[in-house]
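Look for chain A in each of the two complexes below; its partner is chain B in the first and chain C in the second.
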Partner chain A sequence: MTRRLGLVLPILLIIGWEVAAIIVNNPFFLPKLETVIPVLISPFSDILGTGSLVQNALVSIERVVLGFALAAAVAIPLGIGMGRFAVLNDFFDTTIELLRPVPPLAWVPLALAWFKIGIVSIVFIIFIGAVFPILLNTVDGVRGVKNTWIEVSTTLGAKERQILTKVVLPGAAPTIWTGLRVGFGISWMCVVAAEILPGPTSGLGYLIMYAYNLGQINVIIAGIIVIGLIGLVIDQGFRAVEKRWFGWRGLER
Partner chain B sequence: MKPVKIAATACIALALVIVLFTTGCTQPSSPSASTATPSAKGPVGSVEAAGVGPMPSLLATGQVDGYISWQPVVEAGVESNVGQVAVYSKDLPPAGEWSNHPQNVFVVRKDFYSQNPDFVNDFSALNLAATQYINDHPQESAGIVADWLAGKQNFTYGNVSVSSVTAVNNALPTIEFTNDPSDSWKSSTSDFVQALIGIGTINGFVKNSSDRDAVLYNFQPYQSAAAIIAAKSVTTPAPLQNTVNVGYLMAVDHSALFVAVKDWQYFNDTYGIALKPEDLSKAKPDVADFLVNGQKIATVNLVPANAGPNLMQLAATNSLQMSYVGVPPAISAIDMGTPITIAYPIDNLGSGLVVAKGAPVQDWQSFAAWAKERSDAGKPLVIAAPGKGSIQDVMLRYALQNSGIAITEVKV
Partner chain C sequence: MTLSINDVSRTFISDNAETIDALSHISLSVNNEEFICVLGPSGCGKTTLLRIVAGLESASSGSVSVDGIPITHPSPKMAMIFQEYSLYPWRTVEENVALGLELRGMKKQDRVDAAEKYLELVGLTGFGQRRPHELSGGMRQRVAVARALAIEPSILLMDEPFGALDAQTRNRMQHELLRIWEKTKKTILFVTHSVDEAVFLADRIVVLTHSPGRIKEIVTIPSARPRERTGEEFGQIRRHLLDMIREEIDPVQ
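Right, the complex of A and B next:
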């Protein structure tokens, strides 16, 4: 039922869009649905010589997954260390808070200079976007593990390694998962920034910027819709896992 | 009315159009103060647009009264029925000043040229041959360029759908494809450098040099290339060890590259020099073999970018060894100490001033009259221009000043 309720607003927005387009009657402000739909319903045909929507989406997904996986691989171990050991936290915290507010877009010129043209600089931009939410949530999750659980396991003779793998990690997992979910959303957002970089000739972000340079508003809107839809599907996946595996958190409270 | 406005505003945000609004005109500026006339009748506002793509949209939504840009955005404004060409850049005043104005050039890293002079010369010969081909076969070239830039698909502007082949076909004759660093080209470029110094966008090596030509140019590749083309024979150089990266923009101006790559067989057969795509099925090849007399000399990566400064940054870090690029980013890069040199022009002209459809404008004189009339009425014209210091921005400033019209930058 809730899912059906969630569909009401998007449908209203689409109707509102078409009505507004008819009233405004200026396709430069707002193109009618009719000009965007052809782009969307033929996802396998070429757009402006950049490849099809599906091809572009796959390229972007691959880049996002790479950057996101790298961010998770760095942020989760670091976050566990920082959450568990105060000295690590004190060592890293200031630097992280210094770097965290810098928008991924600001790194674009440096990424180009450091990592040259190609996949590495693109993955770097996505990595920057995803790493901080995952890291902060991991630290939070580890700190949030109940002291009594750790104390009990210590009393029962658990070693540090056992405490980490059997108590801290499972206890922090729901919060870490939330971090991953937020991080993935942000890496998906960063794909446009990352694909502005010279070199790529495909990707949804590239497609949007390329259409922008040619003033093709219908293609831009189609790109936005596809990015949104893919983000939605992936987020539903994250939520499903959350519900299936981490439902216990609700009971715990 | 109000909900319409709200809807429209929301839609602009949706459509990613960067809106530059026109409140608080400040800071009057003129290209070179020495010739500013006191008879300025009133201001024209100039709006700096982020890229030229959205300019027809800005015009169609009444946010600007006109724009000055490069191709194919000039033709796009006409074909989408929102604008009309007031004047092409070659006819902008002062009379004759811009009749051969620089637009794009080919730059080469100095260290790369000194290590691989034969490769650069042969590559340049291919550029010269491709330029000639565009001039001899404009129709066929338009098809190749439209295929590279838009997969030969239609451009949609508002309610109007235009074939990209038609758009490129209309744009090509307004561009002068030439590689000759003629005296008039040099003098026009030198005036442009002077204007950039006046605006303050360059103040390094170029400005401070006593011999600017030596800092900016090295026409040796052009001369060697011209000799190769004239002889119709080329000696095979030693193969290069490393891959060569060549930058370009997705622009009609860089048609020579597109034609050279897509028609590689012709150039291979006619001149013995070719850029053969490694994957012949690709619409926009990104890797090509550089062939001389049928022998592979180097692997060439073709690196597209959406702005010249990006390319120049890559050249600075040796990520690119050669590049097709607009003349302003090339000059700025050299001014900042990037170890590159301008080897020859790629194209000249190809810009235009577009005004709203139905405006009382047929040429520059009537545009100037319209500007004065609107200014007197308290509604000064607002014209969008690509970034400050672009050749289009400089030409507009010169022309307005020449007609005794002041220009203010609209601060956003």
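Right, the complex of A and C next:
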């Protein structure tokens, strides 16, 4: 029932859009539905000489995966260290709190200065976007591991490494996963934003900006819909794993 | 097996740098297969004492030894059962019970067999594949007991293990514990603030004074088991202990 109710507004928006488009009658301002749908239903055909929707989407996904994987590879071990050892936390915390409020896009000029135009700059921006939510959630998750869980394992003979692999990691996993989910969402925003900036010649962000330059508003809207759908599908994937593997969260007794 | 606590004292430094004596000159020699209850008002340091015996905390002075070997770390000769929240919610009941064996590197099939055996001993045959949150409070403590027994310790340390249970379940668990104790011939050091529980279970009751915890008296319970809670002898011992505890809670008397 709630699902069906949730579909009412999107349908109304689409109807409103179509009505408005007919009234406005200007494809360079608000294109009609029937000019957007053909772009969406032929995702493999070339658009304006920039490659197909699918090709551009794959390029964006590849960039996100690279930056995101790098962020996870740095943030998870660091977060575990910081959550477990006060010394590490005290050492890193101030620096992280100083860097964290800087919007990822503020790093763009510096990224261009350091890494020039190209994939490295884009991956760097994505990395910056994803690393903090993953890091903070990992620290939180590790701190949230109940002390009794750790003590039980030591009384059963666990060594430091076993405490980490058998208790701390599985105990913190749900919260770390939340960090990954949030981090991936931000990565996805960052890749599109980074692709809109001068430099890249492919990707969904580039595609919609290029369409703007050619006045193809229908392609922009199609691109936005695809960007939204991919973000949604990936987020649902994260949630499905959360439900399947980390359903125990909140049921500790 | 001999467990001896030799002149153990423990002091804490409070937040405003005052020294607090938690335990003061505790000496106790526990016989093989003996059931000892440590009884005292809250804040008497009884849990601290148990944690020192377990090797989870260290004494400020004095020592604990098992078979003449000083305890500085958790020892495989002892297993501890905590009050609550000690099961790993991401593990099945069977995996919880088998954890100690897993940490020792025992093969999967052997672990499963051992877990099954101990689950049967605590009356939970067929519950191996359940998750902890699916069990009642009493059943979860049975799992904790099975997990402790699985590493085949000679001493069980129990920190108010039935404190979070309702009165009825608590009574049943006390019966069960005696049955398991008689069957497995463990030495048990059991911390409680319940006079009734101590008189029902123990061979000897160690009564601690309130802050700092000193041994006020060691009461031997001569009655045969199973003990009748409404019996005359039970009542006399109970009254004697209650008087002692009352003096500790209300020093004006």
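Please note the rule applied: the second predicted complex is superposed on the first by the 224 of 253 C-alpha atoms of A that agree within 3 Å, B and C clash if a C-alpha of one lies under 4 Å from a C-alpha of the other, contacts with A are read in each partner's own complex, and residues count from 1 in each chain.
The criterion applied here is as follows: a residue touches a chain if its C-beta (ideal position, glycine included) is under 8 Å from a C-beta of that chain, and two chains touch if they have at least 3 such contacts.
No experiment lies behind these values; they were computed from the predicted model shown.
Of the partners chain B and chain C, which touch A:A113 in the superposed model: first, second, both, neither?
The answer is first: A:A113 touches chain B but not chain C.
Classify the contacts of A:K146 with the two partner chains as first (chain B alone), second (chain C alone), both, or neither.
second
Between chain B (first) and chain C (second), which, if any, makes contact with A:T138: first, second, both or neither?
After superposition on chain A, A:T138 lies in contact with neither partner.
Have a look at where A:S187 lands relative to chain B and chain C in the superposition and call it first, second, both or neither.
In the superposition, A:S187 touches no partner, neither chain B nor chain C.
Have a look at where A:Q162 lands relative to chain B and chain C in the superposition and call it first, second, both or neither.
A:Q162: touches chain C, not chain B.
Between chain B (first) and chain C (second), which does A:L30 come into contact with in this model arrangement: first, second, both, or neither?
first
First (chain B), second (chain C), both or neither: which does A:T178 touch?
neither
Determine, for the superposed model, which of the two partners chain B and chain C contacts more residues of chain A.
The larger set of chain A residues in touch belongs to B.
So in the superposed three-chain picture, is A:N56 touching just chain B, just chain C, both, or none of them (first/second/both/neither)?
Touch partners of A:N56: none, neither chain B nor chain C.
Could you pull out which residues of chain A sit against chain B in one structure and against chain C in the other?
none
Under the stated contact criterion, what part of chain A meets chain B in this complex?
Going by the criterion above, the answer is residues 16-17, 20-21, 23-24, 26-31, 35, 46-50, 109, 112-113, 116-117, 196-199, 201, 208-210, 212-221, 224.
Sort out for me which residues of chain C touch chain A in the complex.
Those in contact with chain A are residues 54-56, 73-74, 76, 78-80, 82, 84-90, 99-100, 102-104, 131-133, 137, 140, 147, 151.
Note which residues of chain B are touching chain A in the complex, please.
Where chain B meets chain A, its residues are 4, 7-8, 10-12, 14-17, 51-57, 60-61, 73, 76, 82, 147-153, 155-159, 245, 247, 250, 283-284, 286, 301, 303-306, 310-311, 313-314, 316-317, 319.
Which chain A residues qualify as touching chain C in the complex?
146, 148-149, 151-159, 162, 166-167, 170-171, 173, 246, 248-249, 251-253
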